[in-house]
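Taking it in order: structure first as structure tokens, then the write-up.
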Amino acid sequence: MIKASVVGASGYSGIYLTYALSLREDVELSFLTSQTYSGKKLAEVFPSFSGQPKNGGISGLPFSAFDEAAVAESSDVVFFCLPHGESSKLVSGLLKKNGKIKIIDVGADFRFDALAAYEKFYGPHNAPELNQNFVYGLADVFGDKIKNSQFAANPGCYPTGALLPLLPLVFKGVLDSGFPVIIDSLSGISGSGRSLKLQNLFCEVENSARAYNAWSHRHLPEIREKITGALAASAGLPDDKSAGLNVNVIFTPHVIPTPRGILTTIYIRLKEDLPDSVISGIFGEFYAGSPFVSLMGNIEDCNIKSVIYSNNCHIAFEAGGGENGRMVKIVSAIDNIGKGASLQAVQNMNLMFGLEPGYGIPLYSPFP
Amino acid sequence: MIKASVVGASGYSGIYLTYALSLREDVELSFLTSQTYSGKKLAEVFPSFSGQPKNGGISGLPFSAFDEAAVAESSDVVFFCLPHGESSKLVSGLLKKNGKIKIIDVGADFRFDALAAYEKFYGPHNAPELNQNFVYGLADVFGDKIKNSQFAANPGCYPTGALLPLLPLVFKGVLDSGFPVIIDSLSGISGSGRSLKLQNLFCEVENSARAYNAWSHRHLPEIREKITGALAASAGLPDDKSAGLNVNVIFTPHVIPTPRGILTTIYIRLKEDLPDSVISGIFGEFYAGSPFVSLMGNIEDCNIKSVIYSNNCHIAFEAGGGENGRMVKIVSAIDNIGKGASLQAVQNMNLMFGLEPGYGIPLYSPFP
Amino acid sequence: MIKASVVGASGYSGIYLTYALSLREDVELSFLTSQTYSGKKLAEVFPSFSGQPKNGGISGLPFSAFDEAAVAESSDVVFFCLPHGESSKLVSGLLKKNGKIKIIDVGADFRFDALAAYEKFYGPHNAPELNQNFVYGLADVFGDKIKNSQFAANPGCYPTGALLPLLPLVFKGVLDSGFPVIIDSLSGISGSGRSLKLQNLFCEVENSARAYNAWSHRHLPEIREKITGALAASAGLPDDKSAGLNVNVIFTPHVIPTPRGILTTIYIRLKEDLPDSVISGIFGEFYAGSPFVSLMGNIEDCNIKSVIYSNNCHIAFEAGGGENGRMVKIVSAIDNIGKGASLQAVQNMNLMFGLEPGYGIPLYSPFP
Amino acid sequence: MIKASVVGASGYSGIYLTYALSLREDVELSFLTSQTYSGKKLAEVFPSFSGQPKNGGISGLPFSAFDEAAVAESSDVVFFCLPHGESSKLVSGLLKKNGKIKIIDVGADFRFDALAAYEKFYGPHNAPELNQNFVYGLADVFGDKIKNSQFAANPGCYPTGALLPLLPLVFKGVLDSGFPVIIDSLSGISGSGRSLKLQNLFCEVENSARAYNAWSHRHLPEIREKITGALAASAGLPDDKSAGLNVNVIFTPHVIPTPRGILTTIYIRLKEDLPDSVISGIFGEFYAGSPFVSLMGNIEDCNIKSVIYSNNCHIAFEAGGGENGRMVKIVSAIDNIGKGASLQAVQNMNLMFGLEPGYGIPLYSPFP
């Protein structure tokens, strides 16, 4: 039995993680913390968790305030679903009380190899000494490292949608890094969190769509760092030389009128014109061991509806042909809360506990 | 291992049933039939089922034409998800080839005790001699009968949403049947099926809502028959006397701009003014053994979002107080495809195979 | 040129009223007041008003704080779009400075004949001495009174949707008031205002629907008072005797996942069974002079999509037939912000300024 | 009085054009043709047009079959809202019967200067001899030519959204045409027409988003031709030399779950790094005479909600700064049916009849 706690369980990713863990017979929820709802029962705050005690369900589990000692003692793994800057204040305390506790941070604090990049976009880091302990939790790519780590930093939702389709090509060395990597992402509004802002109101989101943070979204440097790292690896350079490699990543997030999901359209140039079969082969080989990443036969079938609530990433591409021979469009679809946060966290937990990565995670997305 | 076939697997309820069965390790899908997509693989038609063969998933399973002999031989249970009038043509052939095969009809053909009522609304019945073999599959109410039956007729989606909150009060004998039972239901558009009609187009459904079939919806006589049967039971009359009991059921279905779910608001009059605690007690006692029906503390918490994709039914009520003392409003929320069709069918399968009713069915609805 | 001011111009009804007035060449906007946005220009707050100064549009008009003297001096008519209890604090001051100023209150303060009913649901009234000066601004019914009044109290959105279909039958004396009038309304979420509440967030509203305020919505006593008044009139009684007439009105508001619109389904019993042609005739006669109320041929065509953004009310009915002979279902569709607030306010302005009621108001709703 | 006919009035652009013309007191609708609904009245097919005859509205106007002689005789202007290849069969017949009749083709048949480009994407042209008579009806750019023409070819919806923000920079000569122009567009599903396809069903569109026609959308060559023409003009070359100028246009249309609107995000490189004020100045100068195109202060304010139902185009840009100095992102928002089809057609009509371009077209979009 894995004893798990979720710190920050009442936001959209925290509550979906709680849902996903409730599906597991081998996981026991120790603590669900929430500043806002401390003292209330799960089903009181989220009627979707209503049920009867006889079921052995978790309807009656309470939200509690964060209690370092209690969480440390009674958890094998702690998930953090907090705003950036918060988990980094809490990790070291937990470790002092329970040196073996596994940490999966769904937030941003430990995603960067380069602290300077983090601090430029997020401000001073609260636990720089712990940063290098964390493995970047892009589970379908870095599974081998995650397996052997006590600490995983779950990627951001946009980076998950962008990196899963990009990294196979970058690692293979076929990307022409002299041309910008242009990433155009459409996100459901849950990405903005369960917060009381005008821009999150139904009447503002419905019947609309907009771009935002055109050049300055915090997920841009995260995407760029991981591409640069893969470029270095493909060039046979050690990671710490990656700073010498440049790639111009241009990223535009958009909000569309739907609750969940991210569709990412990417424009890249290859070093040389490659036939579709070669490109397909690169993806097929790269994700041969991954149960959750599928290459779709055409771009229309790569849509948000087909992946919501799931841990899947669907990828499709079309090469330009003719004058656009070296240009390729790649589209990916993920669920921002599932693959982009909570279910990827569960996949990381599986890896860190020696389970199959897909253990206890549904294979498909419900339809319609 | 239960070998199951789904006849009519490519409509909304058929495909969601397929999804629900794919979650089960103790169920093997033998045949998925579809006239429209025969010969295509599941994931080709529904990208939400995309996945990799190595997973042991069902992405590669083909849709096939209905083959009586093959289905009969290789199925322990057959689910029919067909337009009315179709399953009743097929059941007797299957039985001749496999007398032990269990049948769960998600369609309308065997829902009525009184053939005359069926024929008035649906036209001539194609297998009247089989009708009495079927138990009405309202699983949380008639579980004991279903357990012992080889044949279950899944209720309609609206009747499920209306009867679950009504029957406890009717069986208990507190309903004043001299006053109309007024049922006002709001359904997601998936209830209209995956069919090419103007009224199903996004641009017609979005930003709209409408009532339809104001006095003549086919689910009205189904609701009325089951209420009348419960009235008879509460009066200690045999079922076949129920025709002598009258209750005026008024039912108005509406379409609202959402894919799934039914919210039902019901207005009834009780024989006498009852305190809330007594009414709560009636529900609590009636559903004490049912994992899927919950009484909510207030009407606002009884909403579609909290039950979509689930097999749950949430119920809330408010008694009138003062001048309206005997009037009660009851609200229920279900997923029309989950509880109203496919997941209730799985619950029936569980019962018919001697399993716990909730075996392998998720307890909660995902949020958001 | 009519000089008009909108007090509380930045809520949903205030801004739509501003939009509607901007279409008029005979109206000049004097003041748009907003506590929240005072000092900002219209187009800065609402990009939908962006435009170029050369057009003579109102993009550059500022929101300002409420200034009694300035508003009084430079307005022929003042519209109040404020939370209840606010306009009643301001009217008397304006009148002292400009005794001829016309007032159209889109809020609730002056809608009731009986102050006691108001105070029971809203709390103490701030200007009881002014209350009797206001005419109830249900423009298609009480147009004659409104024409001759300096003060109009715009009806609530739900009452507009409920009373327009009910009053013709009540005035005609065909309603059986011994049976409850059951009103089931579905509203777009804009009815909840542009306010930062969890229940207004996109992710809470989308894919959901719920009832609320089951027995206690503030629009219930408003509806009941106007029905009672019409009952009195139909019985030849003076208004002040209406308290002796009882009618049991049961009202349940629901929220559905759409920004605008109200669909109202009403269940009534008539004194006697009437043929459809007679009922149609009652509506036809009653609204013969009204450009905005239409009787639809069937209930399916009476939907929200067909009236959003308009001042129209579509009505359809179906009589029960047979055992339900005296029962009638009536459905109405309005735009909660248009007919239910801002455009009805413009219609009232037209009446109060001696114009045709439909002057400058578009006849149709845009599609799709 | 302008006598206008709409050929193909029952599709989404045809019916919205009909709506827009119904707002005009100086326009009389002569014929509304529809193959599907011939013989039915407008309000029978579209309940949004319901109203009372006394209003002088168009509720009772019939749809009719196309009658060349009747249309020719009784129309000053004919609008075609037909699938491609259809209007080109009808124009020459109309002209023989009425040589002065003005034609505004909302369809694709006459949008191209180069017939070869048309034929490559659409197939053989049905009236090549008439093609050169048509002016490209991008009204805010080519108003001067349209004023003096009898024939206007309304641009496609995507080209309208892409060209309005691009052309000012191209004509000014600041675009670096050695870098691809990358255009990423999000469209409401009405762009797919009122046709019975699975992909248009509510349950397929809602909670989803997808790209389509990744390299081969028919609007791509239209966009490319007009950019190339502007490049030629900026270089002082005659139009017919434009074939010698190359620009690599990459275009990806997407469908998002909303009925109307197009948001276009464009990535370009400038010849040199320009300060924001210079870029703003280029737009300001270019559209100084246009009432409908506005430059927004920031990208978030440039959204679909703010322009739906309108003839407006909102534009915002952000220059890259630093390493991305010459890269610029431009976002535009239009209503695909309003600006992208029907209202731009009305603007063209205004121009062709010597009226102000904005005559009788609302300045703003309604909110919410």
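Chains here go by letter, A, B, C and D, matching the order in which they are written, and residues are numbered from 1 within each.
The working rule: a contact is a pair of C-beta atoms (placed from the backbone, for glycine too) under 8 Å apart; a residue touches a chain by one contact, two chains touch by 3 or more.
All of these numbers come straight from a predicted model, not from anything done at the bench.
Annotation: the chain C:chain D pair of sequence copies touches via predominantly the same residues, more than half of the used numbers being shared.
Comparing the centres of all chains, each the average of its CA atoms, the largest separation from chain C belongs to A. Between chain A and chain C, the centres computed from C-alpha atoms are 47 Å apart.
A separation of 37 Å divides the Cα centre of chain A from that of chain B. The distance from the centre of chain B to the centre of chain C, each centre being the mean of the chain's C-alpha atoms, comes to 39 Å.
Touching of two or more other chains is recorded for residues 12, 190, 194, 203-204, 206-207, 257-260, 301-303, 305-306, 368 of chain C.
For chain A in complex with chain B, the touching residues are 12, 15-16, 19, 22-23, 44, 46-52, 54-55, 57, 190, 194, 207, 259-260, 287-288, 290-291, 294, 296-297, 301-303, 305-307, 309-310, 312, 314, 337, 358, 362-368.
By the touch criterion stated above, chain C contacts chain B in their complex at residues 180, 182, 184, 186, 199, 203-204, 206-212, 214-215, 248, 250, 252, 254, 256-261, 263, 265, 267, 299-306, 308, 318, 320-321, 323-324, 327, 329, 331, 333, 368. Residues of chain C that touch chain A in their complex: 12, 189-190, 194, 196-198, 200-207, 257-259.
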